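In what follows, chain A forms one complex with chain B and a second complex with chain C.
So, the complex of A and B:
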């Protein structure tokens, strides 16, 4: 087990290293000059002002130092939690801006992912090898999983928000309110949370249901299922065994899907102008706030790594074989 | 599939005919392929048949669908059907290029790691795992934000470069199970070189699997590209279905009630990707007798 976790942590450590390196490299080795493009954005005409800004930005990136030193400085700043200063909301540090948005994204993603995972797996397991249900769950599942996240979000916003007028379609809370813990505010928060949550939930649901259905069919074909059936075991029991075996690849699948789920959450937030990381990214792109964009990237990578590690721990809890070192999920 | 191939080596035509027999009777495969063909034909032929260019201002703004403008017009008076037809072409291009590139990288890495084993496998596997964990869209965001001019080709290139890891891992696992079979040993004994064994002995035995991997990567590239377009990092010139969605959202088609602006592009993406997935399941049933409906 120690070896299993050691290997995992090595991969995650290296991944973080690679992510930081990518983050450092792209502004420096992409065609085009980031300083020049930022200056062009600012549309300042006086030459003295342009020169001062150029100097400021060059210093900010540290372009005047040798490359290896720039790289070390980048790491040093990062380890002190210094992601730079946002251009969009000027004097605020990037880390503060991001920290304000993270709770919204997590509050949206964690319930949507967990709930769609559990409901989807149950639904898929229940539908497998049951003619009528299978013929309805499967097509619906495929349509849901093929939908771009933002499209379902737009349709829900239009149908339930604009046409039916049941839910607000923009923001994390009413603009007339200030964040506090009063019941009205929490209710308002939930009302704004519902549509983005449902669209994330629905798109993810389809994929889990289909995956589980296929796994269960595979398990029901296997020798132990046939043997149980030959012994006269009730169908319920066989299905329970099949479910427990089929859930293992689904856990690995959850780890693999994390990137897609994050991407889905980002675009869904943009549709609803939900004040999480997605809207932050949109603002960063619109305002050419590249520090903010890079900080958000590192935060997302870090979040995904932590989630991966949590899934690894769950896997060890669920599958006793990893504990005795007999077999494990491939790293 | 493998059982058939090893048990009856001298009769590949029979295997092929059997696959065709089941393919023609597989509803999922036929429906999926049918939908893809219709959309592909629309994307390929449509831009030649409609005279207008996608960003021309052709009529009154905000017109609902009519016989003149099939999908209506947007707030600028651009014809949405013309944009849709051009956007479909872009969508297919991104899917084929991005999915194709990812499939090629995935195959090379998977085959080499699976066949060589040992240190090569360790290194490639580590690389695969690292790129697998990094969220693809986040990397693409950074890259595209720094690219000043973005084209469809470059978008597809970067999607291909970042979305191959799961394919490599799956192909590696399959190669692992094939490389110790007798026919591979025989080829090795006869002195064939490694790449020849991979191309002639191993790849054909998992050709259906490889093709299905490509289909999934194809669909995945389309979805990633549409997300990128929607965030505002799509191609700087031209149209795509994702860009149409972005424009519709940006110019508040929602609040103006212009449903004909945001329904068609999303429906197009869903139909194409969904048809790809369904066709993939159909193919799986054709090649894997265990899954056929009984």
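So, the complex of A and C:
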């Protein structure tokens, strides 16, 4: 058991290292000069002042050092929890900017992923046993899962937001309000949350339902199901066993899908101008904000890795076969 | 008479038409009798075994009756058949290696299965039965994957016979096992009969020599019909049907070197059951065939307990 998790942790550590390195490289290879854009924003006309500012900023961000040194400095700072200073909202630290956005993204992602997973699996399992439900759930599922996140988001925003006027189409809360814990504000927050959540939830739902339907049908045809049926076990017991076995590939599926789900959430946030990490990435790119960009990426990588690790642990708990493999016992 | 099958016909529905896999088979099995059911693949032996406990969705009961302990089994009605399953008729399947739910501990699975059939698990009885097939009681706390193939096979045998069924259908259960395990399994089955865990048994196999070791009588099937049924010794030493004779002749014998003498097989292959020929179905491969074989031979009792479906018998 310890050996298994030791190996897993090593792989995760390696993944983290590579991902962080790539995160560091990408913004630096982007065209454009962040210092130049800051200077342009400052609108200073005197050449000496411009030169002085350029020197100051270059030194502040460490761009005057050789690239390998910048890389090492970056790791040193990172290990101390220092993500650098944002160019876009200078001089706010990147970590502060990200922390302001993370609750929105998590508040969107976690319910959407978990709810779509549970509802989708239940729905798929139900569809596998009823013809009528199967004939409706399956096509709807295919349409939903084939839809790009942002497209469904645009359709929902247009249909329920613009045409029906039921929901606001942009922002995390009304611009007229200040964040606090009053019931009105929380209600407003939920109202703004609903559309981005729905588009994430619906697209993911279709995929889970289809996957689960196919798995259940497969499991109901399997040998242990046939054996139980031959011994006259009620359908209830057979289906319970089938569900338990069918959920295993779905758990692997969740681990594989996490990255896609995160990407979908980021795009959806941009459609709704939702103040989460997705919108932050867009702002960072638009403002040549290397530090904010790499900080956000880092955060996402960390989140996906942690989620994957949790799924690994869950898998060990639910599938006895992985445990046997770990102990080194032969099957 | 424990089991009486009368003119049983079971067809498979396919896109090309109905495949007459079982076309009028009659026989009976006495209390305490082990009937070996042999024949080449496609002769209908597995279909017969399945018909007695649970027909799958493609099978259609086209005629004939099955009576067990004087009660007529509703084999065509899945729901009405359910009370008989496990309690009266039980099955050891071909696929024992994968017959148990891989994500449940075996003991828990057995408990859940019994509870679902309205029976309380008698732990002491279960452990006694495990001991009889030389399984430690710890297997109940293991997952199926932690057992070897032979252990899984024996575990399934114990589960299937837990409610002391009147009839046990053992379908090709030794095919996946090595020779030494085969013998142990065969002996365990005979032991089940001797201790009264099962009253009678149908042992389906294509291995006549193994059947001969445990069966009281052997039934040979060919192309969905009964060819010959007789006490085991008679089938092996004095077969009457040409198919049985050729089948026995194609087995290797101890002490004979086959370097000089070629082992004889049966030339040709069985007819298609989608549109079976009239008359005797073995006619095309039979060296003794004559004009009368165009008529279907009835299964006649040529001696007590010896049935042969051949005009020349």
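Basically, the second predicted complex is superposed on the first by the 272 of 331 C-alpha atoms of A that agree within 3 Å, B and C clash if a C-alpha of one lies under 4 Å from a C-alpha of the other, contacts with A are read in each partner's own complex, and residues count from 1 in each chain.
Here, contacts are C-beta pairs under 8 Å (C-beta built on N, C-alpha and C of every residue); 3 or more make two chains touch, one makes a residue touch a chain.
Please read all numbers here as calculations on a predicted model, not as lab measurements.
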item: Simultaneous placement of chain C and chain B on chain A, clash or fit; value: fit
item: Touched partner set for A:321, first chain B, second chain C, both or neither; value: second
item: First (chain B), second (chain C), both or neither touched by A:63; value: neither
item: Touched partner set for A:294, first chain B, second chain C, both or neither; value: first
item: Which superposed partner A:71 touches (first chain B, second chain C, both, neither); value: neither
item: Dominant contact partner of chain A by residue count, chain C or chain B; value: B
item: First (chain B), second (chain C), both or neither touched by A:194; value: neither
item: First, second, both or neither for A:271, with chain B first and chain C second; value: first
item: Smallest separation of CA atoms, chain C relative to chain B, angstrom; value: 8
item: Contact residues of chain A, present in both the chain B and the chain C interface; value: 331
item: Interface residues, chain B side, partner chain A - complex; value: 125-126, 129-139, 141-143, 145-148, 166, 169, 173, 219, 223-224, 226-227, 230-233, 242, 245, 248-249, 254-255, 257, 259, 262-263, 265-267, 269-271, 273-274, 276-278, 290-291
item: In the complex with chain B, residue positions of chain A that touch it; value: 11-12, 14-15, 18-19, 22-23, 26-27, 30-32, 34, 37, 142-143, 145-152, 154-155, 157-158, 161-162, 169, 217-218, 221, 256, 258-260, 262-264, 266-267, 270-271, 278, 281-282, 284-286, 290, 293-294, 296-297, 300-301, 304-305, 308, 330-331
item: List of chain A residues in touch with chain C within their complex; value: 222-224, 226-234, 236-237, 241, 244-245, 248, 318-321, 324, 329, 331
item: Chain C to chain A touching residues, read off their complex; value: 53-54, 82-87, 90-91, 93, 95, 98-105, 112-113, 116-117, 143, 145-146, 156, 159-160
